[in-house]
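Two complexes follow with chain A in common, the first pairing it with chain B and the second with chain C.
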Partner chain A sequence: MVAKGKVGILTTNYYNPDGNRIIYGGAERYGLELTKLLLELEYEVAWWQVGTGWQKEMLPGVPLYSIPETGDNFQTCPRLNQSFYEQAVQVDFAIYFVTFLAYPQVLEKSISISHGIFWDYPSFDAVIPTEELRRERLRRLWLAFNGPRKIVSVDTATIQWATTTWPGLWHKFEYIPNFVDLNLFSPSEQERKDGKIRVLFPRRLTSVRGINEAARAAEILTKKYDNLEFHFVGRAHDDNLEKEMVRWSAKHPNIYYYWKAPQDMPHVYQNVDIVLIPSKSTEGTSLSCLEAMAAGCAVITSYVGGLPNLIIDDYNGLLIRPTAANLTAAIEELAFNHDLRKRLGQKAREVAANFGLEKWKRSWAKVIGEVFK
Partner chain B sequence: MFTEEKISILVPNLLTWDGKGLVTGGVERYVWQLIDLAREMGFAVDVHQNGESDWQREINGIIIRGHGLAAISPEAALQEMHHCTERVLYASILLNPAVYKSGSVVISHGVWWDAEGSTVDYVPNMFHICRNALQGAELVVSCDYNFLNVIRAVQPVLAQKIEVIPNFVDVEVFYPAPERKGDTVSILFPRRLDYCRGADLFLRAGREILAAFPNASLHLAVDRNHPQLNSQLEQWLQQQEHRERIIYGTYSFEEMPEVYRASDIAVIPTRFSEGTSFSCLEALASGCTVVATDVGGLTNLIFDEYNGLLIPPTAEALKKALGRLISEPRLRHRLAKHARSTALAFSHQKWRSRWAEILHRVYGNGFCR
Partner chain C sequence: MPGKVRKTSGNKLTAMMIVHNEADRYLKDVLEHLTAFVDQIVILDDASTDDTPEICASYQKVILCRNEESLFFKHEARLRAQLWELMAAAEPDWILTVDADEIFEDRMQNEVKCLINQCDFDGVEFRMFDFWKSTTHYRVDGLWNPWPRFSLLLARYFPEIEYTWPDRSFHSGRWPMFYRGRGIISFQSDIRVKHYGWARGEEHKEKYRAYKAADPEGKYSSREHLESVLAPQNTVKLEEWIEIKTPPF
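Right, the complex of A and B next:
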C-alpha cells in the first residue's frame, strides 16, 4: 500500500518532556483520534514534540520524535518551530497541533488547531504585563494564524475573538466542535433507587476548572442535606494537591475524591445525576461536558469558551456564571427537581448525538481532503 | 407620599432623528420591551435620543426627547442628556468614548466590528470603546455569550461585569403551521438588505437552488430603508429565469408570523455584527428549518444538525446546505421539530424575569417612599 503522503504533527507535550509520563487530557485524546483518522485515510503519520532527544512510538507505525529545544516567549516556540521545519523535509503535510506553534513559518500545506481561548484569566495580565509585549504577542499570533491554509477551531469563541481582533480572518477557520464516542458514553439503563443524589466534578483539579467553587458548593450542600453526595474525579497537576484533596474529602461525609482511568469514566457518569463543568476560563467544547451529556446527566456548566456551543440554558443543561453561590443554587435546584433533571438529561443526550465521533471524523476528513492534496 | 423612581433610557434613535417616524430594528424592539417591563415594575421612564433639532414627543405616555446637538456633536448631545437626567440606562454601547454615569446598566447587542475591510486603527478603537463601557458601567447586559467570550479574552477582569440575557421570542405569536403539506419547499430570507446580513449570499445561492430544484421557491421579506438597494434587487429579479418562483415583499411586524409559517426553511446568512438574532429565534419558534452562519450569537442558538444547520458565511456552503435540506425532507422535519422545542427555552417570560431582577438590583424597587 502506498500512502497518500506523510503528515508531520508538531505539538508541545504529548508526553512530559522527559518522555516518562503520558499527559492524558482532552488535547491528547484529540491527538490520538486525529492520528487514527489520518491512518484510516491512508496517510503516514509522525509526531514531534519538546524533549531531550528520545524517540517513541505513539501508535504502531507512528513515531514520536522529540526536539531538544526549550524556551518559549510571548507564548510561542519559534525554535521548536524552526527545528520541526528543518526536520520535516521528509513530510508532505503538516499539522500544528496548537495555533501558536505555527509561528513563524509553516509548511506550505498545513493546518493548525485551536483548542479554545486559553489566556482569558485575570493573572494572564502578569504573564505579558505591558502594552508593548502584548502587541508583540498579537503580532506573532497574527503570523501564526496566517501561515496555515486552515485553522480548525473546536469552538466559535476562538473564531469570534480572532475575527474581532483581525476582521476578515474568518475564512481561515473551520469550526469543528469536539466529539464524544456515543457507543462508550450512554445513559444508565436503570434508575437508581437508593434515594441519593450524586453530583460529579469530572475535571482536572485546577483553579480555571472551577475546583474551588465546586468544593465550596459541596461543603455547603452536604452540610445542609444528607442525601447529596459529591464525587470529585480527576487528577491534579502534582501529588501534593492530590494528597490535600484526599485529606479534605476525608473530613467531609458524602464528599469523595478519587480518579479513574479514561476507560472507566463511562461507568462513573452512569452512576451520577448531576455533572458540574464550572470552568472559569481556558475552555473549548469540553470533552467532559460532551461525555456527561451523552450519558444523559443533567449538566451545570459555566458560560465560558465553547460551553455555550453545547448548552442552551434551561434546555439541555444550565449555563451559569461560575461563582460558588450560583453553583450552589443551581445544584440545589436540580437536586430537588426530579422532572427538570430528567428533562435536561434527556435533551442533553439528544443534543450530544450530534457531536458523535463519526461526524467529527467526517468534518476533519473534509478539511484534510481540501488542504492535503 | 409615593414617588416613582425614574430611569432615563439613552438610545441612539428610537425614533427617526426628526422625531416623526418609528425606527424598527432589533435594538429598538428591545428598548420598547424594556420600557414596558420597567413601567410595569413601577419605574417612571423617559427616553433621550439623537435628533436633528430639539424636539419632544409622547408615545403611549412615554416622553421621548430628541437632542438637536447630536447633529453638530454627538459628545455634546451626550453631555446634555447626562445633564438633564438622573439614573440612566444605556440601550447600546456608546460609540464615542465617554464617561458613563455611575450606577448604570449598558446593553451590548453583540460584537459589531468583525467586518472585513476595516482600517488598521479601527479594531483597537472598538476594544477601547468596550473597555470604556465596562469600566463605566455598573454592569453590562449582553445578548449573547460571544461578546462575553471576546471581552474575556482581552479584559478578563472587566468581563466579570457582563451578564448574559439572550434575546427572546414570543412563542405564542410565533408558532408552527399546523402541517406543512405538498412537496414544494419555500425558502425565506427574513432580514434587512444589508451586506452584513448576507443578502447577496442568499441571492447567489438561491438562484442556483431555483435552477436545480423545480419544487423550491424563494421568499425575500426585506426592508425598504435604502431605496437604492431595493431598486438593485428589483433589477436582479427581472433578470431571473425563475422569477415566478420568487416572492419579494416588505411586511409589518404583525405580518411576520404568517410569513414564517408559510416558509419551510429560513436562512440567516449573517457575515458579521450579529447577536442572538430575533429573526433566527422567530424562525425557530415558527418551526422553520433554519440555516444560520457560525457568526456571533447565532452559535448560541443553533446546534449543527440538531435544530438547524450551522455553516460558514459563503454562498457555496449555503447552496450545499439548502440542497441537502430540500433533498432530505426527513432531516428537514427533524430539525424543524427541534427548532420549536429549543425556541421555548428563549421565552419572553424568561427574558422579562431576568431583566426584572437586574433592574431591581441596580435601580431599586420602582415604587419607593
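Right, the complex of A and C next:
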C-alpha cells in the first residue's frame, strides 16, 4: 500500500526529555488516537519532541524522534520549531500538536491544535511579568495562529479568546471537541450493593487539575463518613510526589492511590459513583470528564476552559468554583442524594453520546482532507 | 516491529527464572506467588547442589531444565540465552522475567490479564524495591533508589525475531538486545516488586566477593554501586515499606 503522504507531528513532551518517563495525560491519549486515525487514512506518521537525541516508537511503525532543543521563551520554542522544520524536510504535511509550536515558521500544509487555554493560571503573571513582554508573547502567538492553514480547537473558550483578540482569525478555527469511546466507556449494568459511595479523581496529580483541593476534601469527608471512599488514579509529574501519595493514602483507610493502564479505566469508572474534574486552569474538553460522563457517573467539575462545553450545571453534572470548601460541599450533596446522582449520571451519558470517537474521527478526517492535499 | 502476534484476549503468560541453591531462601514463596497468575514457569537450574530442583518440580506449572555445571559467574549471557530458548519452546505470548527472590504486590494477580490482553504496548516496567538487611525496609541512597527507576520485567514475545545477546560474561541483562536501546513500547506500572536479594545482611559479604570476582575491573557494572554494598551503615538510607491498599474492584 502506498501512503497518501508522510505527516510529521511536533510536540513538546510525549516522554519526559530524558526519554525514561511516559507522560500519561489527555493530550498524549489524544495524540495516540490522532496517530491511529492518520494511519487508518493511509498516511505515514512520525513524531518529534524535545529530548536528548533518543529515538523510540510511539505506536508500532510510528517513530518518535527527539530533538535536543530545550530552550523556550515567551511560551514558544523557536529553536525546536526550527530544528523540526529542518529535520522534517522529508515530510509532506505537518501537525503542530500545541499551537505555540507553530511559531515562527510552519510547513506549507499544516494544522495546529489547541488543547485549551493554557495561560489562565495565577502565576502566569509572574512568568511574563511586564507589558512589553506580554506584547511580545502576543506577537508570537499571533504568528503561531497565522502560520498553519487550520487550527483545531478542542473547546470554544480558546476560539472565543482568539477571535475576540484578533477578529480576523475566526476562519482559521475548527471546533472539534474531545472524544470518548462509547463502546469502551459505558455504565455498569449492575448496581453495587456494598453500601460504599466511591469518589474518583482520575487526573494527573497536578495543582492545575485541583489535586490539593480534592485531597483536602477527601481528608475532611473520610473523617466524617465511614462509607465514603476516595480513589486518586493517575500519575504525578515526578517520582517524589508519587511516593508522597503512596504514604498519604496509606495513612487513610478509605483513600486509595494507584494508576492503571488505559484499558483498565472503563472498569474503574464502572465501580465509582462520583467523579471529580476540579480543574483550576489549563483545561480543554477533558477526556476524563467525557469518560466519566459516558460511564454514567455524577461529575463535579469547574467552569474552566472547555468544561462548560460538556457540563450544564445541575443538568448533567455540577459546575463549581473549585475550592476545597465548594468541592467538599458538592461531594457531600451528591453522596447522600441517590436520585440526584442517578439523574445527573443518566443525563451525562446522554450528552456523552454526542462526543463519540467516531464523530471526532469524521470531523478530523474532514479537516485533514481539506489541508493535506 | 512485527504486529501479527498482538491480540486482546487469550494471551498465555510464561514466567522464566534462573535458580541456583535457592531452597532455603524465597523460592517457595516466589513459586506460590507466580502459580497464582502465570500459565507456566520455565526454570533453568544453574547446577544447584541443594533441594532447589525438587522444590521446583513439585509445582505443577513448572517446566524445569537442569545444568550440570554452573554458568552464572562464568558466562551469564550464555545462560540467559539458554533460558530464552527453553522459554521460546513453551510458546508463550508474554514473558515475565523474575528472580527467585522477587515478589510482586498482590495487585498483580488481579491486573496482569489487563496488562497483557491489549495491543497498545509490548512491555510493562515496574519499580523494584531492594529490601536491605530486613523484610521491612528498602534501600534508597544512590542507585538503590527505586522511585525514579523502572525495570522491564513483562514483555510480549515475538516468535519471528532472531534474538541476540550481548557478549558479556557477567551482568548481561535479562532481555535480549531486541528489547533494549530504542526499545519496545512499554507501560510503566505502579505495581511494586519486592526484591529480597539483599534482605539477609549475613549474605552481603559473600555476594560482594562473588560479584567482585566475576567483574574485578568494574567492566560490566558500576563499581561505585558494588562498593556501596559494604558502605558504612550510617551512609545507607532506608525507607520503611508501606503496604498499599489493593483497590476493592
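Basically, the second predicted complex is superposed on the first by the 373 of 373 C-alpha atoms of A that agree within 3 Å, B and C clash if a C-alpha of one lies under 4 Å from a C-alpha of the other, contacts with A are read in each partner's own complex, and residues count from 1 in each chain.
Heads up, the rule we're going with is that a residue touches a chain if its C-beta (ideal position, glycine included) is under 8 Å from a C-beta of that chain, and two chains touch if they have at least 3 such contacts.
Not measured: the values here are computed from a predicted model.
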Touched partner set for A:H338, first chain B, second chain C, both or neither: neither
Touching partner for A:H231 - first (chain B), second (chain C), both, neither: second
Touched partner set for A:Q263, first chain B, second chain C, both or neither: second
First, second, both or neither for A:R362, with chain B first and chain C second: neither
Which superposed partner A:D120 touches (first chain B, second chain C, both, neither): first
First, second, both or neither for A:K373, with chain B first and chain C second: neither
Common interface positions of chain A, toward chain B and toward chain C: none
For the chain B and chain A complex, residues of the former touching the latter: 111, 113-118, 122-123, 126-127, 145-146, 148-150, 152-154, 156-157, 159, 163-164, 166, 272, 294-296, 299-301, 303-306, 310, 312-313, 338, 341-342, 344-345, 350
Residue ranges of chain A touching chain C (in the complex, touch as defined): 20-22, 32, 54-61, 194, 196, 229, 231, 235, 239-240, 242-243, 246-247, 249-250, 253, 256-264, 267-268, 271
Chain C - residues contacting chain A, complex: 1, 3, 107, 111, 114-115, 117-118, 120-121, 147-148, 150, 182-190, 242-245, 247-249
Residues of chain A defined as touching chain B within the complex: 117, 119-122, 124-125, 156-157, 159-161, 163-168, 170-171, 173-175, 177, 281, 303-305, 308-310, 312-315, 319, 321, 350-351, 353-354, 359
